[in-house]
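Presented sequentially are two complexes of chain A, the first with chain B as partner and the second with chain C.
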Partner chain A sequence: MASTLRFASGARSGTGRLLRPVPLLAGLLALLAGAVLLGVGIGAVRIPPGDVLAILLRHAGVDLGVDVDPQQDAILWAIRLPRVVLGALVGAALAVCGAALQGVFRNPLADPGIIGVSTGASLGAVVAIVLGLSGAFFGALQLCAFACGVLAALVVYGLARHDGRTEVVTLLLTGVAVTALVGAAVGFLIARADDEELRDVVFWSLGSLGGATWPLVAATAPFVAVGVAAALRHTRELDLMALGEREAAHLGVDTERVRLRLVIALSLATGAAVAAAGVLAFVGLVVPHLVRLAVGPANRIVVPASCIGGAALLVLADLVARTSVAPTELPLGVVTSLVGGPFFLWLLWRTREAHGGWA
Partner chain B sequence: MSRRAAALALPAAFAVATALLATSVPAATPKRPAAEPAPVLPARVVDEDGKTVVVRDVSRIVPLNGDIAETVFTLGLGANVVGVDVSATYPAKRVGPLPKIGYQRTLSAEGILSLRPTVVIGTPLAGPPTVLEQLRTAGVTVVIIPEFKDLDAGARKLRRVGRALGVPGRGERLARQVEGQVALARREVGRTSSKPKVAFLYLRGAQVQMIGGRDSGADALIEAAGGQDVGKGLGIQGFRSLTAESLVAAQPDVILALTAGVESVGGVDGLLRLPGVAQTPAGKNRRIVHYDDLLLLGLGPRTGRALRLLIRGLHPEVR
Partner chain C sequence: MRSMLSGRRLSWTVRGSRIVDGVDVDLGSGEVVALVGPNGAGKSSVLRLLAGEVEPTAGSVELGGAPLGRLGPVERARRRAVMPQDAPMRFSFTAREVVAMARYAQPSRVDDDRAVDGALRRVGIAHLASRTFPSLSGGERALVTLARVLAQETPVLLLDEPTASLDIGHQEQVMAVVRELAYEGAAVLVVLHDLNLAAAHADRVALLAGGRVVHAGPPAETLSAARVGTAFGHPVEILSGPGGTPLIVPARG
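Here is the complex of A and B:
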């Protein structure tokens, strides 16, 4: 466990001064607000800022008396805004899940995929595509992905539980095994898929917010809220658990109960996020580390800061995805990985400079 | 770099990059309407899902699929097309410079809207459905015509698209032309004396080898051209990956492929080096025929031509 403890305290051992929590949270909120403004204001179709404001206010019940093109109204209200909101929800969910799971597992590499949710959701989506369910009714694919994602996480937890207890390493390895198994099922279905289905599967697995509609936002939001609320509620326990399982228990933390609650709540949030937007690599992994670098490892700051930062990051990433090659789009997963990959390398390199690497 | 600067540098750089990229989005340039005889509008058509759609303006058309784009160009409305999907490859010189809206299955609503289309037309293959719904919400006329998979498809698309875009007369005339070409080609089949077994291979590099069966798009052509579709005989629906051994077991006399697929494995010589191919009669006699993607699988206005070519490819006795 030495390496994982180092991860918990590593950011503090550097030479630089840490940011105070309040300015950081305020800064992140400003970043999110800016991201949302940019996201709503910019798109493949040019809508002047004044019209954007007029359209938004009109939907809020304030009529400025400005004549706006109904098509621009539809683009902004039915296409762009739900997309920005969904992006913020998905980004917040993934980043919070990453932050909390890194705490639960005391492992810097933990991300929302580690308890099998992502691959489970992939299986659900691929099943829906290959069996043709996705055309049966609106949202069938998302429902299927969500159900399979949550189910996979529960299977992982159930298999790892022994005598009413789970042990972190067992849980981690069970996650790896179930992920491999589910991955095999996905692979089998992909081999059976025809050309069009294959295209659909690939598109889905690269992630996109293109399917954002208000009903999808409404369906996703409650689950994200459950995950974020649970993570925020247990930040103190997570901080104590960073000291070690036994130490936390001595300090009065019911580690088993906290773990179970978090695994369930976070699976719901991740399942909903992945179902809505596909698999988005690196958001859940990178955002919490970025925050820890700035403010240190205390979860009571890391979790809320990751929530806001993740939302802002995904809104910006989606802005790049949908405008850089307009009228076409880049897959969102490509953009997040393109930013996340180099950043992660830089993080590793920096940490090695400071104290010879993670381990 | 200080810790604070480091932590802020990434999001800041990201925001700047975003802003730069966003401002460089090109504005759609207006297109001059076609000089051809003017379409008769409004046109009323029944959509694939049974709803009546009224098309009032065809000055800016976005076809969502390659075969539909080809059909629109054949109908003489090419000058009104303001964007196409990446599977639109014909007529190459005309569609090449047009803005691309992505692949027909993975369209994006705002991207299409930025081309300011007055009408968007495609087959049920176009999607995802959410995007079509979003286009309708934004006030764009969306026409989805049924997908046809037989030899009449080319003619039927011309009629349907012609009616939807206000040129029903032209559509009918061209459709009859295509039917005539197909009928003529079918008569040629009468002069053939062989019934070769044909394997339609879908290739993308040496690692991806699939065989087409029922509804591959090529099966109707193969049979009309007097060939026997090996994949269909094996009970394959659409495309399935293929082992070298089952290819050898099927003993095809001719291998049919797409030109881009053959190029992806290094030409005909590369194809002959793929496992199993050399052990088939087709490989031994180098009987490999390949055609352009949209010509062979599009079932568009060039169906008659594709059939004639294929008859000659499958039957050396017809010359």
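Here is the complex of A and C:
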């Protein structure tokens, strides 16, 4: 990776980094702002960016004196904005969790699914659908998915702990085993489901922001905030953990405590994200890698940049999901995988070209 | 000479096998103590016990006058630095960023740049500062890791085979830095594979075999043909090297 990049940057710094942190963060913020404006403006009813701003400002208590179409206002405020905000939250959560877990586990392939959150949440959602809980009260499906996701992560972590220590490879393999087990349970339930339940299960597991409402946004936001805050707080420890558990400890990091704290906070965030939007592959993998490619691996930049970048990416992906085959929708998970899969292959290929792969 | 690090009757048993068996270590400021011995003698294990990485089954470690068990990770990192045998790193941090990681335990960031640049210069790798760690050769990585250890600016240094992947020139360079640090007052414990490096650069040499200290004392005393031959299970001859340092060569033929 380094050598090709150095070529690309004209050997300017020799570090193989394409961008300085500030321009990257500024660019990502601009991208996110643009994505939000497009996301709330485009759809069956088009709302020009100027009107979008006027409506948003009016809700913020600033009246520009522009005439605002009440229908546009209703569409934007009650339908599109919660969806866009939820998308941003979910994208931020997945990308930050990916970045931080890759650091914690020193494994570039770690993503939020690796500690069992995603499959756990799937089980919760399928249970809710098959047992008919999802119709029982608002948010029952999300609550079930969230609880099972977090529970699965804690089971994985608990099983991998031994004598107060956790060995990373054991943890990852425990995640694989638990994921397989939970996947079997999901399969069993799916085999017993009727057609309508099956459609619900498929719809949920392909990922969608279609269920976005303000209450769902409000329920998701605190957990995402907990995960992002924990990752931001421990960026220095994450850097040191790249040296390995032993080295980080020698340098003064309380590795076990930092990791426990991060795993819990990140499980809460991922659990909430998956519960709200279903399983979305590749966001947690692709965004942090792109950021590292641009500015290097220092987590004090990688974590906030992944947060903003993940939010922007998911808002744009949802825009594509919503509008590309209108009036119907593509599942969001299909869009993220369509973009993420090939990109990830390119990333692997490029890494292999530069230094013989990730082995 | 002030004792900076000491281990009393250290034993470490893992699944019934005794890796370290009643080892006493005393490390004073200003001295370089080399730990030598055959593969599997327990050299690295003694280092790990002294570093607090693993708990001894019996015995105790004191670091700077305080029981090691009572010091948290940050306090330990302010008192001693540990150089590992290998330094795997997946992410492409630059050499300078890796060295700067040594400053984690410092109470303030004020001296970071001075310490990091000083360490890079001292090890002679200022020109590698902006290279990414995975792109460095094995020897260069070892030097960056040594610079990292120096940037921690601790009174006690524990080095696990710092010269293992280095050529002769770099070996001498590293040992010269180690000597210089001791001259400035650091207490250095270094695990060495190369008996001649130990003979040339250490104030005292402790010879380990089967988890026990066979003998500890000045190089010429510890590294006798009889002791080394028995410990390594191969006869050796001791020649007189430059300046009277013993030169150990295996008996051949």
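A few remarks follow.
Quick note on the criterion: the second predicted complex is superposed on the first by the 330 of 359 C-alpha atoms of A that agree within 3 Å, B and C clash if a C-alpha of one lies under 4 Å from a C-alpha of the other, contacts with A are read in each partner's own complex, and residues count from 1 in each chain.
One rule holds for everything that comes next: a contact is a pair of C-beta atoms (placed from the backbone, for glycine too) under 8 Å apart; a residue touches a chain by one contact, two chains touch by 3 or more.
Keep in mind that this is a model prediction, so the values were computed, not measured.
By the document's definition of touching, of the two partners only chain C reaches A:252; chain B does not. Of the two partner chains placed around the shared chain by superposition, neither chain B nor chain C is touched by A:265.
Looking at the superposed arrangement, the partner reaching more residues of chain A, out of chain B and chain C, is B.
Once the two complexes are overlaid on the shared chain, A:231 sits clear of chain B and of chain C alike.
Looking at the shared chain after the overlay, A:242 reaches chain C, while chain B stays out of its contact range.
Once the two complexes are laid over each other on the shared chain, residue contacts for A:327 go to chain B alone; chain C is not touched. When the two structures are aligned on the shared chain, A:298 is found in touch with chain C, with no touch to chain B.
In the superposed model, A:312 lies in contact with chain B only, and not with chain C.
Annotation: chain A residues 14, 16 touch chain B in one complex and chain C in the other.
Contact residues of chain C toward chain A in the complex are 51, 53, 72-74, 76-78, 81-82, 84, 87-94, 97-98, 101-102, 104-105, 130-132, 134-135, 152.
Within the complex formed with chain A, the residues of chain B that make contact are 2-4, 6-8, 10-11, 14-15, 17-19, 21-22, 25, 27, 83, 99-103, 105-106, 108-115, 125, 128-131, 133-134, 137-140, 202, 210, 237-241.
In the complex of the two chains, the chain A residues touching chain B come out as 14, 16-19, 27, 31, 34-35, 38, 42-46, 70-71, 74-75, 78-80, 135, 138, 191-192, 194-196, 199-200, 203, 208, 210-211, 213, 290, 293-294, 309, 312-313, 316-317, 319-320, 322-324, 326-329, 339, 343, 350.
Taken together, the chain A residues at the contact with chain C in this complex read 1-3, 13-16, 103, 106-108, 236-237, 239-240, 242-244, 246-247, 249-255, 292, 296-298, 355, 358.
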